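Two complexes follow with chain A in common, the first pairing it with chain B and the second with chain C.
And then the complex of A and B:
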């Protein structure tokens, strides 16, 4: 049989698909980061913690309130997004006028506090969260067994990513957002409530993270460190895509998932570093990122 | 650095006027483990609680021995662990270090302990090298090791017909040692090892590696990993229909806390080897009850039980030797038989290996379990001699 570097093509298709699935998480998370950075100029280091909160809220909904997965998919992003709004109003708004290093430090501190609290109450080994009954089982695609739930993750993430892109690039609300990013003072002079827009954007970015968290809950253990493990990779994705670029974040998210997936076949030991190697290469050639505009 | 130090267990000694002994011995024990990462639930604060219980049960204060316990988080990083160890020995007057899960950290701490002539009683780490080619006159390896896990779980799986293996190996000292020791058992019993994949530690998504294992058509997929890595691989193996497809999983190092995190639905049927299970007999149940009250209802793991047992034996040796000189106490510990309600009677070999029985368990089906933490049924008991590596084969320089 035809083989590529000792790997049969069937296995390769499987790995490409798995890469896309992981890429879905990178895409939603980096999208949230890109949206927040674009408008607020804040590097939201709490993003990983907010993703973890999404998964935990889904778990709490199920175990304390009997709310199932489908409802949690809506409830958790709203609840976690609301905490984001509180954080923006109480804390981030006060430091908006300073250098964005302060925002980074503040959100990093918040992330540590949130993770510590969850670890204190729930331990570090994680909590079980089952796959919703409608999505258990899987399809045999001939070259691999695709669990239905993983297929759903790719579809859900594509829909959310494209809807977000559409909203920001093609709607009136989106044009206000982009105007406020470009020149907040002038936009405000036209009678648009920029501070409100900023608060809602942060809430939305956080809600995206929480949505990814709910998606992740049934396949990865719901555990306080789940965000911390992922956030560094996601930052690399954003940097590669270009800070603040919406489409850049989506495309790089999926493609880096793919590259990482292939590395796991050809040289597994490097699979946790390959994204950073790419980051270095991209920064050397295009310092603003693949899709970013030079400042 | 989040070096958290907490002082405890000294209060009793200070309050009661120390009688009897002319000269009081004061001992400082450091519990060094993972307090925030993937091994925090199986060691962490629980090991500190276990150490305090040992001091309490030994009635140290009445015997004129003052014990102080400190603890720190090594974050599963050898450099962090080494820095703390040096600071403890050089500046803080720590006499012995307990626990130290994560083999790469344990090997580093063992080396420093030897250089500084202190004592390491390791409960948490797996690598059999600690009593093999990296053995030290200052280290005792208490609870389990990769060789015993391989004998227990590996041996049982091969006997049940699982004669071809593929490994998912955590890419650091522990995973490598576990893969090596299990491969030896499998080949010796006439089985074959078809391949292995080294996974970055710690990891989240194992599906890619699991598909490689599936493609190998091996009858058994050996999981040479632990903690969060293990729970994620077990969960995802069931998601990708690997276990339903007839391939068996061998969770070579599975702790009770992992089974708790997985839930019985996902964990049922796993065969595993442990040296301690809270529900084994009246002695373990009574102690675990006390432990759980102090640990938010969570039952102890074998690592935490090992910290208790190890510190208790150390204190007995200090009492008998009337000294805390490292060489004297180590000699005493190896000379005296060990005995406690958790591990029963045992001995310590010249290479530092603590000898006791290992137990082969199977995880219950949800229908068989009477409630939370009722997880295991016992399949077999391996005596210390059967479970642990014969002295002559260890390659330890202390064996003559």
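And then the complex of A and C:
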């Protein structure tokens, strides 16, 4: 068997794939954070909890209602997105006029509530969620074995990310969104319902997180804590990329996942901290972030 | 930079008018706190009071940064936890006397604060909060992956309380209590002094209007870094003392939930008030003791308090009292 840089190719490409999968989640989650931040100016600390909710709703759909994976891929984001809309209307809208850091504190409280509730009812051990039958098995690509589901996760995330990018950058609705991000007062004066746009944007960002959660359910066990540590890594991703650009968030998410995967091959001890170390380096060299605009 | 803290304090005119009477009130409050500290171990369980004092000092340190520097750090567990590891490790493995172990823990926390602070102040507002959180998570992973130093999942257990200055045994709870009370009172007076010093006034000016402070010739980032290091060091003092009191340093101390707890204590007590964090810490620690049997419900209750405070009670307990009596507290 040939070796690449002293590492068997199976291990190397296996980790690269795992890195890409993590990168998919980083990309979708940081994209959601960036979209929400653009319009609401808050960092949604509950994003990790909402990602976890997506996985749980998929699990509940399957076990209580018999709704399969493919339907859950649509149903879970809609349901969780709807809870996001309720949260925005009832809570976030009421503190919009105060310092934006209050939004961070409020959503942090929400994250604690959501996590605590799920931990109470489902424990912390994790629930299994099977891979849908159409996506079991895998292909042998010669240099590596590709499990079909993992390939699907990367492709599906890429599609969703690019569709979001297209919607924001190339459609009429997206132009409203960008206008409202730039200057909400003026946009409202042109007759666009900005508060409604804000509510829908938050719902959409939350739905993105839930979608990532459904994708993650068959890979990681469905667990109340699955989003808690992930969201902190996503914060680091957002600091590295800067929240100014949609494409920037996608590219940064995927590449950092890839770097993390490669670190796991060559220096596993650093794999959980490599993204934070990159964040430190970026702060030293380009404090505004790779794709960010200087404040 | 933020109205998060300044919204809680009365306007400058009110402050100026009541400056004299406020100073008198504060002096009386300090005397009241000293009296309370003196009788507390005789009416309450000393270990509980020591826990409150450690967390109160932690919250005071956090509030120094947020309330007077305008900087919301979401990673204060790093300084609290790392100091607690250092003091536990040196007291247990090097046989240091407790005061040296605590001082060493404090120094390490301040040094860590210097490095993390220098990085974090390169961004502002929400980014600052995210960076401090991410850096603290790095400290957490470091603690998780160096079990030789931190004991990994077990933490450092059975830390000896030792003899103060090598003379006075602290094995008795009452004896240890006087040391903790002295550390707390010292920390409180130091923070009060910092807030009311010319340095503290400049920090407040930077908090309220950074570009203006810069245009007046103040090097804003140096002041921010200085207040960050002071805050980290004092948080470390609290963590190091906690390790000696409970004879334990564990991963809980350095995890992000601890950072969240100190934010909650400060929020409940009153952001940007001198005495608020003490009240907030007492409330939250008492609540945790009371609800300890409920498991994960504690998390839910804390979350509900967070949401309720942000929506309805932004001034916090002491902030409301301060508004009521029209004097800064």
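To be clear about the criterion, the second predicted complex is superposed on the first by the 283 of 295 C-alpha atoms of A that agree within 3 Å, B and C clash if a C-alpha of one lies under 4 Å from a C-alpha of the other, contacts with A are read in each partner's own complex, and residues count from 1 in each chain.
Here is the rule we use: a contact is a pair of C-beta atoms (placed from the backbone, for glycine too) under 8 Å apart; a residue touches a chain by one contact, two chains touch by 3 or more.
Bear in mind that the values here come from a model prediction, so they are computed numbers and not experimental data.
**Student:** Check chain A with both chain B and chain C modelled on it and let me know: fit or clash.
**Tutor:** Overlaying the two structures gives a clash between chain B and chain C.
**Student:** Does the superposition put A:149 against chain B (first), chain C (second), both, or neither?
**Tutor:** In the superposition, A:149 contacts chain B only.
**Student:** Which partner does A:111 contact after superposing on A: first (chain B), second (chain C), both, neither?
**Tutor:** Second partner only, chain C.
**Student:** One more residue to check, A:232. First (chain B), second (chain C), both or neither?
**Tutor:** In the superposition, A:232 contacts chain C only.
**Student:** In the superposed arrangement, does A:119 touch chain B (first), chain C (second), both or neither?
**Tutor:** Both partners.
**Student:** Under the stated touch criterion, which partner chain does A:62 make contact with: chain B (first), chain C (second), both, or neither?
**Tutor:** Neither chain B nor chain C is touched by A:62.
**Student:** Quick one: is A:264 in contact with chain B, with chain C, with both, or with neither? Answer first, second, both or neither.
**Tutor:** First partner only.
**Student:** Please indicate which partner A:272 is in contact with in the superposed arrangement: first for chain B, second for chain C, both, or neither.
**Tutor:** A:272 sits against chain B and chain C alike.
**Student:** So which chain B segment collides with chain C once the two are superposed: 24-32, 42-50 or 78-86?
**Tutor:** That would be 78-86, the one stretch with clashes.
**Student:** Using the superposition on chain A as set up above, list the residues of chain A that contact both chain B and chain C.
**Tutor:** Residues 116, 119, 229, 269, 272-273, which sit in both footprints.
**Student:** Would you mind writing out the residues of chain C in touch with chain A in their complex?
**Tutor:** Residues of chain C touching chain A: 2-4, 7, 72, 74, 119, 122-127, 129-131, 133-135, 137-138, 141-142, 145, 256, 260, 263, 267, 295-300, 302-307, 309-311, 314.
**Student:** Which residues of chain A touch chain B in the complex?
**Tutor:** Touch residues, chain A against chain B: 8, 11, 14-15, 18-19, 21-22, 116, 119, 123-128, 130-131, 138, 144-145, 147, 149-150, 219-221, 223, 225-226, 229-230, 261, 264-265, 268-269, 271-273.
**Student:** Which residues of chain A touch chain C once you look at their complex with the stated criterion?
**Tutor:** Per the stated touch rule, the residues are 37, 41-43, 91, 94-95, 98-102, 104-106, 108-117, 119-120, 228-229, 232-233, 235-236, 238-239, 269, 272-273, 276-277, 279-280, 283-284, 287, 295.
**Student:** In the complex of these two chains, what residues of chain B are touching chain A?
**Tutor:** Its residues touching chain A are 36-42, 44, 171, 197-200, 202-205, 207-209, 211-212, 215, 227-228, 231-232, 235-236, 239-241, 245, 257-258, 260-263, 265-266, 298.
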